[in-house]
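I've put the structures underneath this note.
Two complexes are shown next, each including subunit A; its partner changes from subunit B in the first to subunit C in the second.
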Partner chain A sequence: MKIANKKITAERLVRDALKKAKHFADYNIFTFINEENAIKKAREIDEKIAKGEKVGKLAGVPYALKDNFLTPEGETTASAHILQGLTSPITATAVAKLEAEGAIMIGRTNLDAFAHGSSTENSYFGPTLNAYDKERVAGGSSGGSAVAVALDIVEFATGTDTGGSIRQPASFNGIYGLKPTYGCISRYGVVAMASSTDCIGFFTKTPDDMDLLMSIASGQDPKDMTTLPDYYNESDAKNERKPHKIGVIKEFDNESVNSEIRRALKEKCELLESKGHKIIELEMPSLKYALSAYYIIVPAEVASNLSRYDGIRYGFRSENSTSLDSLYDHTRSEGFMPENKRRIMIGNFVLSSGFYDAYFLKAAKARTLIIKEYEKAFSKVDYILSPVAPNPAFKLGEKVNDPVAMYLEDVMSVSLNLAGVPGLTIPAGRTKTDLPLGLQLVGPRRSDKKLIEFAKELI
Partner chain B sequence: MDIKRENILHLASLSEFSLSEAEINKLGEDLKDIIKYISQLDQLKTDNVEPTYQVFEMENIWRNDEIIPQDAEREMLLALTKEEQDHQIKVPKVL
Partner chain C sequence: MKYLPTIGIECHVQLCTKTKLFSEVDNDARGKEPNSCVSPVDYALPGMLPRLNGEAIRLAILAGHAMNCKINPHSRFDRKHYFYPDSPKGYQITQFYHPIIGPGYVELPSGTKIRIEHAHLEGDAGKLTHFETYSLVDLNRVDTPLIEIVSMPDIHSAKDAHDYCKELWRLMCHAGVTYGDLYNGNMRFDINVSLAPEDAKELGTRAEVKNLNSFRSVERAVTYEIKRQSKLLDSGEKIIQETRGWNDAEGKTTGQRSKEEAKDYRYMPEPDLPPINLTEEFIETESAKLPPMPSDYRNKLRGILKEDILEILLDYPKLMQKISELESTSTISLIANLFTSVLLAEEKSAEYLNDLPSAKELKELAEMNEKKELSSTATKEVFLRLFDPQMKNRGAKNIAKELGLIQENNLDALEKIVDTVLAKPETQKAQTDFKAGEEKVIGFLVGQVMKESKGKANPSTVQEILRKKLS
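Let's look at the complex of A and B:
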């Protein structure tokens, strides 16, 4: 990525990014443009450079921030009406780390409200358009972030991945997108969706950029008790033994997966074999149940996490309520999108007495089997290469009225979140109609750095 | 399983929101489809399998019982609410 120095000023980098953001306004990528502050920060960095003072590893690098990260710059809405008006007094740890190295946020990006969705069509602000075809979805939930990077507006963007929300839009827009190991990056100051699967990650144009961002953002945070002790920067990725064993999942190779995606997977396997790596077919029968387990566990956690939005302390408050109860009711009725309501109701259903054992407990047991299946797989192979989603970017409006069809787009991505393992989307060519194709490289827990390094073998 | 109108209204009430007639009909259909899909789990054998609720390698994390400064002051938090009076958040009557 381009980093500010004596020849290229931070102000130039930031102004170019702002100009491109305006040029691509019709893609509906941004919910907020941080023009004034971004230029001010860029000038401060340029002054330091002019004086010969030390600047950070991301000096003057313009980036886009998914609108579910809290910072005092612009409202943090998570693209939901119920959070409109919230200007956060606090800064998310991940953002503080990036900005301490000189990165400059030029805008907040659109998402499915509260990150509930796979197309960005569930945003209160309307959908973001795909970088390669304006009639198609950007993917989601981090659609705005993916398109901001794919259109080269910014060098990188942040995302969150609860069931595929980084990997799938990265795949739909032909860029890299990493969902790290669960607990690798602090979630302090990020709007919670499902606490047992939520992960922070990035969109980049190269594996090296991803590595740089991970080296900065990862690590234990006293403000997030679910962060792992630092391991990312201690990983020795360069001296990996070669060749590697790469698993492909037998159950994912069937007619329900788009033929061009299957072809892309085959071509990447051939490329790996030509470099001396070994491809091994894996049977992972429990993954068939991952989507059902996911759409029980995650709504249950969503129902709990979204119970805090009541219009009292921040964000939108419905007017003309005569009692406290009606204030809660009106605020939540008017403030949530239909998909938010669906997930909260499903969550309350699977947690309610009479259904808990049949749904929530059953899903928690399925989760154990899925974790064991990944452990078994990684006793046989170093990494797994698989499709991210069964189809390339679909048409706007195609699935938005059929929630099950939309959920099925997540069928290959959610199992990683249930198991807590990392996954990296890599670009894998184009379809005949020039839509991007992507694949995901999956590794055991804490293999993030090696995964990024190995992705270079697939270029 | 069959999802009746009263089930939808009960779930909305548990969720602390109301639904319009159109929403009751649409969400009723959606929930039926979703529950039918997730009920596939019935086919998975889970005898003698322990449930997993989180994937963090959790251990108790201890710290001294000290007051740690918070990122946001009281005034900053109060400034986020719609109505404030005497350093308190004002809401409609409770009773």
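Let's look at the complex of A and C:
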């Protein structure tokens, strides 16, 4: 990813990326192309290099930004109608860190509106198509970012993962996608979905690129009080204790998981064993509560976090309003997507007086069980290898009218968000019909750096 | 029928932190343009996260300590949801489940103790101004730190309600946690009033009157509610549990919102802020910074000052602090009287209160008065000059000298002046009249001496000398 070798100019790299972005326009990857600014920034970097001045670790590297990160470049829409017209006066901490190292954003990428979804079909701007099969979904919610990397338009892309939104599209498009430990990267300036599970992460083509991005973007931020004290760059990447013990989850090994995914998992286990590692079967019975707990806690936080979009101060305001109440009604009815409304209603229901104990509090208890389940698992194994989703990329429109089927796509990914542990999607071959397969490598909290390093064992 | 009123009071206190509760924006919006003290965190741009202001925690500890409350080492924030343009986030960040301040009590000047249930930290809302076809939103006040103090239903009269609010105001002002400007809403009171037959074991249905911003309106609203509810109960009607508004001009409360339409705030733990964990050591260190409280002053100055003067002065923490710096009881009593009778009557008293003369200057003034170097009129004059921007900091003695106010007490010098006056032809008749027993002409003679001395002579000494010479 380093270009400071003068063999190629930043401008050339950026122009290539912009050209590819246009070439693949039919995939509906971008909500905004940052042409003018990107070229300007590339020239500035080239001038610096020509003068022999020091440039950053990502100097001239083109990247794609999921459209829920705030920067003054282009409107921040979160692919939602209700944010229409919002140009941010501030820059998200993660973006500021990447840009300080010279990375150049060439465009904002499509997502399920407010990151609500697993297919990018819930975008106000329409779905993004899968990099390997245009009839299939990109996965989601960070579908645009995943496809931008998979189609080699950019070197890397940012994503957010609240319940699998990085790992699942990474697996659907055959690339690496990391959801770091909760609190590793600042959420400041990223449109919130569910505050207690939202994680900022990346899509890359190699584990080394992932490590470089993490070393730059991670770290405590006074603007986000939930960030952890710096640890990423201090942690040791070496996986000294050999052989490693890798857990596979018994409960995920059943007919409901696609046979080709189970085959891919088996093959990767055999590969690890051939390298001298040990595979251990884990029983994690509490994970069966994960999806239910997730779809209570997350909608509650979603409903709360979306309360600020009322048409009063910025974004879209309905023309049909005649009073304050009708302004709220129309703005929110017209500005949100059906999936946004569904989650707002679930969230407000579980928080309403008389139901809080029965739903939210119970889900919070289930969450504690899940956290303990992971702690127990990591006392027995170093990492866990599991499917990311029960199926490879599904067809566009296949699940869009069946919210429960869509939610079941998240059954294997959401427990990590509830527990706050890191998970890295690694490519794991193809199906017979040439669709990408992916698996997730899961580690204990703060093991991000080792996890990325260990992913190389799986190549 | 006779009823026992039971009153509980919730009080919102705006804390005088430099910056807001969750952002680094100026918290003091007095005299500033609308929406000029607002950051993206305050107006709730997407992706913004609250940053907790540590100063608000320290002030909350002081406020709690001032009310003899337990400070909870573990507290947490929650979100309280409602839609209104004064709430940019769509929720208020408050402490619903785990407040920072636990139980305590406030002792009224009468000795009655009112228990505090708890007090919690929260962000204030913005302000709306309504016009005929539109409304304007000012977010300057958004997330100004507040503590909401919730009393137990220990109050049973309008007077105690008044006294409790006033004592709370004094405690908060003395603790230095608020500017205490009631006119500008720095402290606001919500009262809950219910009536029950005197021998009843259960409380009656309560009505709440919100947003009162003076002690007098608290007293009047309680009185009104007691009358209104008594009348209803007497005629066999039921009290509706509701929120009522106070119309100060008419002296009435009116129904606003009944319990059936009450909002569901959908409380939820605030996921963007970690819990607050305070060590016992930190709580102790911070609590120890509490300045003297009204009860400390009462204990110290009872017997030295008259009770009414003491109670007036307790409304002014800075004056109390200054007075307690003076050591001797006679100095304290003189200066306290000057503060109440002279300074507080001045038009510029508010301005003057911000910059009080030093204890040294006040002591100097008191000494001059004691030594009779200054008449009581001259003492008052010099006292006021100590606050005069052009005169202050020069010292009481220098000011008195410059103004020529120092009294002549030297007997020899005074005798000489008296002799001069007695030698004057225009005083001869008066001297004869006095010797003939006309007592009142002594005033004329004293006046003549004062005139001769240009007002510097001590009139009582002059009179003594005159009497001696004319006997």
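Things to note:
Convention: the second predicted complex is superposed on the first by the 454 of 459 C-alpha atoms of A that agree within 3 Å, B and C clash if a C-alpha of one lies under 4 Å from a C-alpha of the other, contacts with A are read in each partner's own complex, and residues count from 1 in each chain.
By our rule, a contact is a pair of C-beta atoms (placed from the backbone, for glycine too) under 8 Å apart; a residue touches a chain by one contact, two chains touch by 3 or more.
Here the structure is a predicted model, which is why all the values come from computation and not from measurement.
When the two complexes are overlaid on their common chain A, residue A:124 makes contact with neither subunit B nor subunit C.
For subunit A, the partner touching the most residues, choosing from subunit B and subunit C, is B.
Looking at the shared chain after the overlay, A:344 reaches subunit B, while subunit C stays out of its contact range.
Looking at the shared chain after the overlay, A:202 reaches neither subunit B nor subunit C. Touch criterion not met for A:231: it reaches neither subunit B nor subunit C. When both complexes are overlaid on chain A, the residue A:371 reaches subunit B alone and has no touch with subunit C. By the touch criterion stated above, A:83 is placed in contact with subunit C alone, subunit B being left untouched. Residue contacts after overlaying the shared chain place A:356 against subunit C, while subunit B stays out of touching range. Of the two partner chains, neither subunit B nor subunit C is touched by A:30.
Touch criterion met: A:190 reaches subunit C, while subunit B stays clear of it. The residues of subunit A shared by its contacts with subunit B and with subunit C are 86, 89-90, 196, 222, 225-226, 303, 307, 310, 312-314, 324, 328, 348, 352.
Subunit B contributes residues 8, 11-12, 14-19, 23, 26-27, 30-31, 33-35, 37-44, 46, 49-58, 61, 63, 71-73, 76-77, 79-82, 89, 91-94 to its touches with subunit A in the complex. Only residues 68-70, 76, 78, 83, 86, 88-90, 92, 187-192, 194-196, 222-226, 300-301, 303-304, 306-310, 312-314, 324, 328, 348, 351-353, 356, 360 of subunit A touch subunit C when the two sit together in their complex. By the touch criterion stated above, subunit C contacts subunit A in their complex at residues 40, 43-52, 79, 81, 83, 85, 88-91, 135, 137, 264-268, 271-274. Note for the complex: subunit A touches subunit B at residues 86-87, 89-91, 182-183, 196-197, 222, 225-226, 228, 286, 289, 291-293, 295-296, 303, 307, 310-315, 317, 321-324, 326-330, 332-333, 336, 338, 341-342, 344-346, 348-350, 352, 358-359, 361-369, 371, 402-404, 407, 418-420.
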